[in-house]
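Below is one structure, written out as structure tokens; comments come after it.
For clarity, chains are labelled A, B, C and D in written order, and residue numbers in each chain start from 1.
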Amino acid sequence: MIWKASDWEMVLGQESAGIVTSDGESAHSFKVHKGMGLVNHVFSEDSLKKLYVSNLGIGHTRYSTSGVSVLDNCQPFVVETLHGKIAVAHNGELTNAMRLRRKLMRHGVGLSTSSDSELITQLLAFTPPLEQDDTPDWVARIKNLMNETPTSYSLLMMHKDIIYAVRDPYGNRPLCIGRLVPVGDISGKGKNNAETEGWVVSSESCSFLSIGAEYYREVMPGEIVKISRYDVQTLDIVPRPEGDPSAFCIFEYVYFARPDSIFEGQMVYSVRRRCGQQLAIEAPVEADLVSTVPESATPAALGYAQKCGLPYIEVLCKNRYVGRTFIQPNMRLRQLGVAKKFGVLSDNFRGKRVVLIDDSIVRGNTISPIIKLLRESGAKEVHIRVASPPIKFPCYMGINIPTKEELIANRPEFQDLAGYIGADSVVYLSVEGLVSSVQESIKARQDSENHLKTNKFRTGKIGHCIACLVGEYPVELEW
Amino acid sequence: MIWKASDWEMVLGQESAGIVTSDGESAHSFKVHKGMGLVNHVFSEDSLKKLYVSNLGIGHTRYSTSGVSVLDNCQPFVVETLHGKIAVAHNGELTNAMRLRRKLMRHGVGLSTSSDSELITQLLAFTPPLEQDDTPDWVARIKNLMNETPTSYSLLMMHKDIIYAVRDPYGNRPLCIGRLVPVGDISGKGKNNAETEGWVVSSESCSFLSIGAEYYREVMPGEIVKISRYDVQTLDIVPRPEGDPSAFCIFEYVYFARPDSIFEGQMVYSVRRRCGQQLAIEAPVEADLVSTVPESATPAALGYAQKCGLPYIEVLCKNRYVGRTFIQPNMRLRQLGVAKKFGVLSDNFRGKRVVLIDDSIVRGNTISPIIKLLRESGAKEVHIRVASPPIKFPCYMGINIPTKEELIANRPEFQDLAGYIGADSVVYLSVEGLVSSVQESIKARQDSENHLKTNKFRTGKIGHCIACLVGEYPVELEW
Amino acid sequence: MIWKASDWEMVLGQESAGIVTSDGESAHSFKVHKGMGLVNHVFSEDSLKKLYVSNLGIGHTRYSTSGVSVLDNCQPFVVETLHGKIAVAHNGELTNAMRLRRKLMRHGVGLSTSSDSELITQLLAFTPPLEQDDTPDWVARIKNLMNETPTSYSLLMMHKDIIYAVRDPYGNRPLCIGRLVPVGDISGKGKNNAETEGWVVSSESCSFLSIGAEYYREVMPGEIVKISRYDVQTLDIVPRPEGDPSAFCIFEYVYFARPDSIFEGQMVYSVRRRCGQQLAIEAPVEADLVSTVPESATPAALGYAQKCGLPYIEVLCKNRYVGRTFIQPNMRLRQLGVAKKFGVLSDNFRGKRVVLIDDSIVRGNTISPIIKLLRESGAKEVHIRVASPPIKFPCYMGINIPTKEELIANRPEFQDLAGYIGADSVVYLSVEGLVSSVQESIKARQDSENHLKTNKFRTGKIGHCIACLVGEYPVELEW
Amino acid sequence: MIWKASDWEMVLGQESAGIVTSDGESAHSFKVHKGMGLVNHVFSEDSLKKLYVSNLGIGHTRYSTSGVSVLDNCQPFVVETLHGKIAVAHNGELTNAMRLRRKLMRHGVGLSTSSDSELITQLLAFTPPLEQDDTPDWVARIKNLMNETPTSYSLLMMHKDIIYAVRDPYGNRPLCIGRLVPVGDISGKGKNNAETEGWVVSSESCSFLSIGAEYYREVMPGEIVKISRYDVQTLDIVPRPEGDPSAFCIFEYVYFARPDSIFEGQMVYSVRRRCGQQLAIEAPVEADLVSTVPESATPAALGYAQKCGLPYIEVLCKNRYVGRTFIQPNMRLRQLGVAKKFGVLSDNFRGKRVVLIDDSIVRGNTISPIIKLLRESGAKEVHIRVASPPIKFPCYMGINIPTKEELIANRPEFQDLAGYIGADSVVYLSVEGLVSSVQESIKARQDSENHLKTNKFRTGKIGHCIACLVGEYPVELEW
């Protein structure tokens, strides 16, 4: 079983990677390989061979956040307990980490890293009073952990021959299960369990296809799933406080996830296209063509173009060979900045009025040189439409958002944003527009019949975390 | 001045890179840095600083070909001559290289590499009988070289404070000149020479934007251009044999060049869109949507969709994080192959009839798993339309084409290609269709007034090298 | 302050290195850099600059032992406790580690590595019942640790602006203090404390000279020393059980330490020379010359030659450029083995009877090809004299000794060792001879006046750990 | 066949390495692997496997000289000629290189490097007028080369299945032949040719032992040797001008060669010991002990001690773990300098008068801190005796000697050298003393019977190049 953070995230600046495997027989013999850098750099063919002791393992990739970037923080985290070794990989950020750290240290546990993963692992290692030395009750320990901290975490815990997949009660971070099918039958049409070759768990369903697995289902908010060689079994569902809606991170739809990923029964690409359509309704404009800042904004741009009946035409092409180019020996190139990332298809828009769709404007320093580039290459007008609302507040649940001062929506320039970035007009999607684009299809599905196997378990009101847009967090923050 | 092979080529598997700079004062003091691998690996900030002795230099990047992959073959090639050092960077392949090698060796010159670049350099170093020791006549030497070998080469030669840019009489390989403009004035509207900050020469115009230069003009077939600090000057134009048309490689349009590059006065993207439109005329099909194999086929797909009035919808997304993944520990993943390169946007085409545009089918082993993937994810029909004709013959002028046996067009499976690759139908663009898509706009420009500054020099009939499609080469091949 | 394991050890195959520094002001802001490999590979100039926040730090180098070779085990070990961070570097091996691990895990502490260093660190982090949250009593915690485990450890613990240097009550592993003196006054003649620039602690005094420090004194068995900017202060001396002699590892004299190191008031070189003299008394031989297996056996060889009045002549020279040469493409070179490590000075011994002194024969597979080489190059007789007794038992206190089966002294071949290795005769130094060579000068010093400042503290009987020679361990071993 | 520069040189700072192998069948299919850095870094097990096409090859290692340090200069140099490829490895420096470069360039040959190796290779490639295209006469070409340049070069040239070993008529650089014998019979007692497994050629005989070969004989000055699978054959001996003595570099004895190497029938170690004995005669001193600057001066120190009857005692031990340590974060360590390279064995010389033998004093900045160290550690007197004369002149024949201004013998401080370096006295060996120490045994051998097989060929007067000591060069220098 492989735990893969989104490939998308890797592009954003992946920082460390690790894999832990178990032979499924001994509780004391994990194989571990971790390292800083991209997956390809961390793992050689040799290191993978050494890890391959069975079909059981968990992995983790981590992208740059404000957290300290050291190998010690690299996941999965492994500790030896009275009952043998456990390995934990986790995605998210505990909202009450500081209190939990102090609690453990008061008990005499020295913490060797600043990572939430070690914290979670030590909380799982901490013997509950009722447990006997010789019979570990991992589910009790996991529920104990979930009672200590409400959100946000999606985690995998491996012990001997079992992997536990856990999602916090608010479902803030994604987690889904895939099924390995015999090669040649990836589609899974008419499959039954007899043909299952194994199970995989991932943050994002898009990773399944590339390893020959098919999407099976999401882990539900609060669910504890036990995964063994042939079986996926729900052990318990820890509920949210009465009345609290679920709080899946809406920015997974807007920005982080790969377009072919599925969350809550819908393809991310479809949500993004609906955002574009909604944006066309909220903010139409008289123009000659609609285009995209390639390539994350393309679904929204196609949706916008279709809704308002304008032709979709490409105006920029990506300069694939940019990388982390230090090749900037002089001021000239530093000033050029974004021009290095895009080529310009001038013949496609010379003398035309362009509506350019972007997926988000966070700091506002990327879009401005693009607009300048289009104007200098002959665009008559450039109207910016942003397929998500402005970000105004920090995230404390795992996403690295610029500081409040860096966010363009909190700066004085936001008053005349069009003027500041050099556009003829600029309009963001409304918060309501985004939420309805996301929830429209979920609600339709809920109303319709039970085609999602897990539906019977789904309890409580469905909501989404929009804290970074409106400043209201799903749980109280502790320091 | 920077000589950059296309960024596109770098993605294809770049193999070596080198830069040579001159201080412009001494004829004996070049700085050289070369290495195997990607530009980013070859050049560190330190090595670039050491190269920065003036504003004068030439560089080269090379992608994998059948040639021997050793550092000795890495360009630019530098030799010391009686008149000081010269450096040569070249793109292309000499059709009579073997005869020229034997000729030099008979004169007693030992050749230390198998590269045409060393050959060219030694031919330039060879003293012509008329030249006096103390007055080098580089133009005579360059013309001497051009008389020895008709094609294919675009080359830069640097000596002291001058760079000579040369394109073979058939113009088989591209070469164009850009003008460095003051930062903030990239568009060049209303510029005059007084504002020129320098000159750059490149295989592809797309590289100009990323270094703050604007497209100035092409080097013409047979032209010898002398480039100094403030001046670009045509020294001579070596003509083709009477009646021979020019022979620019048509595959630069079809496949190699970046879409925002300009050749013969037209944007590559526009040519590709016209190919798609032409394909819609030649091979229409009843279907629900038109899509692309991202992302090189996108201009053709948009052209096809527009021409036949079908909606353009994305069915695949690129899995950016693939790289040279050795991570294939078992048969399962090897069989998955292409599935790792693409994510599938199933909701966009489930139950629909898809026309999928590809830019070329060379070996035929990439398209087949894509079709399978689309079918398994719910496509009702999959029709393949290829925006270029089948490749059937080897290239001896610098492009690394698979052997005749590997080319799908030469194999028995080609008789029932649709069946072989699992498509409902498959049609290639005709050779005539491709040639007219490429030449249509050139002819229109020729008929119209003199908007290309260099037009007055353009002599002879315009043609294109389509040897790999039809087997007729622009010059006789020697062995 | 720098903690350096012997340079000698580094040559043996150093495996990891780490440095932790403190700014001396905050209890929470250590800088840490660790890595696998040689010091030179682990630390770049950049990483050292980042570490340089003050004059306070501890480091560690580790050479290959049977322990698991992973970065997680790399020292110094840092944990956060209720009172801030502590860093621990340690040398040795706890004889009751397994019992202590179980004890901690039963308390609910998950252990993330197999290293004794983490164990020690977590024992130090464990809150003793009497301590108040806001007043850490590190000495009580250190004494608590020393009560839990008798040997073997020499350790440094850093917290905020203090470093504690601790040696176990048996003094099994070395630890000594050096004084940084102003450059130009390394000799320390007539120095007083006013001129002290700082303090350093090391396993071996030989490291002081190379950083401009002079030897100050040893840390005594059981001593807890507090080291601050200007002061070295004995806080306590934890005694051994009544009647137990101290147990400094005798193999530090025989093999591990660099010859210019000082232990127990005597230079290692001098001990080795006395061993050679003693060996000449115990095992004289009629021969023409005495020589050495360069270069660790040279002091013993010179001592032997002097005592028996034979000339000392070199017969081998080291082939410095051997390294970890994988360059063994065929059987021929593998069979040559040791011949690659030595050059042979045939003219010096052709036709002569050679006494060859070696410092130890452990496995017996190094000396045999040397003898063959000497004979084939013309030696008339080769007599081997070993300046230490045979090793027969494993070490459980930090030294990686081959398994019992690998030790030549436990194998049947030992009965006719001379025949087995091809020598004319072979004699080891007796255990009594070694012990008297080591203790002779110590006893003389004890009898004489108080020239060692620390003498007043030295309590109990002085002994040495000779467990690997005779099988009697200084403390009971636990599992 | 392996061409190895001295292992000793590698320690001095090896800069590049290369190997070329031939399959012995085709004249066009060399395998080449070269790179910058140490042999171990340049060659991986994989690269060696790829080179292993037969038993035929030449290699080269190069240490830092004033020459430009670029890969292009890395040997062996390979060129293709009319008759196929040749590879050349060479040691030395041509005294008339500039004139030969101009000559070649005037013929129209561009030279791509600044190395003499390319020059030699192109001179060998240059067709002599008499040779027919289809019958290469390599001996004529080699003799042609030797007529163009008198010295200094020892070179190997490989073509197809033959290696030519050539030493210049003055024999300035060493070159010798070894015989691969069956493993287990390295001594060669009673061997005949039937048992020969192959031939190797090397600058230094010391390299033979480590690859299982035994010393066979030297290549004589001016000799051209043809080496094939089973045969070593003298093709010709190019004589020196009438009356010129041979001119083997005397500094190979004094400094460069490994002590177990054999030149002119004598072991380098023996020459160095004789220099020490001669020095004791020329410059005795009243003292308590004789010691060495380890470890190159040890043979001379033992010779000096023996001759003057003083005990030989070690006062310094090498700090093996120094390397290119950049670990010098502050002034303190930079000032310590040499203290890092040596440990001091104070107990061995406290209160004693020390005679310290060094092999050479070139710049004078190494010995001074050593003397200071000995004094501060208790030496009563320190007398320096140098086992070679002062170097005063540059070498133009391949050895990188500091500039005249850097040589201590040319500086004003030389007038009171003892005072400058802080010694009680300092005396160099006389030029006559060095020459007689070197030639004594050669002359004795010449007078005795014919025990050297090659003696019959040895013609002319035997001399040595002492240009760096006295300023008279064996041939006229050209610029």
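The rule is simple: contacts are C-beta pairs under 8 Å (C-beta built on N, C-alpha and C of every residue); 3 or more make two chains touch, one makes a residue touch a chain.
Keep in mind the model is a prediction, meaning the values are calculated, not measured.
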Fill in the blank from the handout: Co-neighbours of subunit A and subunit C resolve to none
Handout entry: Joint neighbours of subunit C and subunit B, given as chain labels
Key = A, D
Practice task
Taking CA centroids for every chain, report which one is farthest away from subunit D.
Solution key: A
Practice task
Consider the two chain pairs A-B and B-D; indicate the one with the greater count of contacting C-beta pairs.
Solution key: A-B
Fill in the blank from the handout: For the pair subunit A and subunit D, the C-alpha centroid-to-centroid distance in angstrom is 64
Fill in the blank from the handout: Per the C-alpha means, the centres of subunit A and subunit B lie apart by a whole-Å value of 38
Exercise for the section: Could you please state the distance in Å, as a whole number, between where the Cα atoms of subunit B are centred and where those of subunit D are centred? Expected result: 51
Handout entry: Touching two or more other chains - residue numbers and ranges from subunit C
Key = none
Exercise for the section: Spell out all pairs of chains that touch, sorted by label. Expected result: A-B, A-C, B-D, C-D
Completion exercise
subunit B partner, complex, touching residues on subunit A are 7-8, 10-11, 39-40, 43-45, 48-49, 52, 180, 183-184, 186-187, 189, 206, 209-212, 258-260, 266-267, 269-270, 295, 298-299, 302, 306, 311-314, 317-321, 323-327, 329, 331-333, 335-336, 339-340, 343-348, 373, 375-377
Exercise for the section: Under the touch definition given earlier, write down the residues of subunit D that touch subunit B in their complex. Expected result: 32, 70-72, 77-82, 86, 101-102, 105-112, 114, 118, 121-122, 124-127, 133
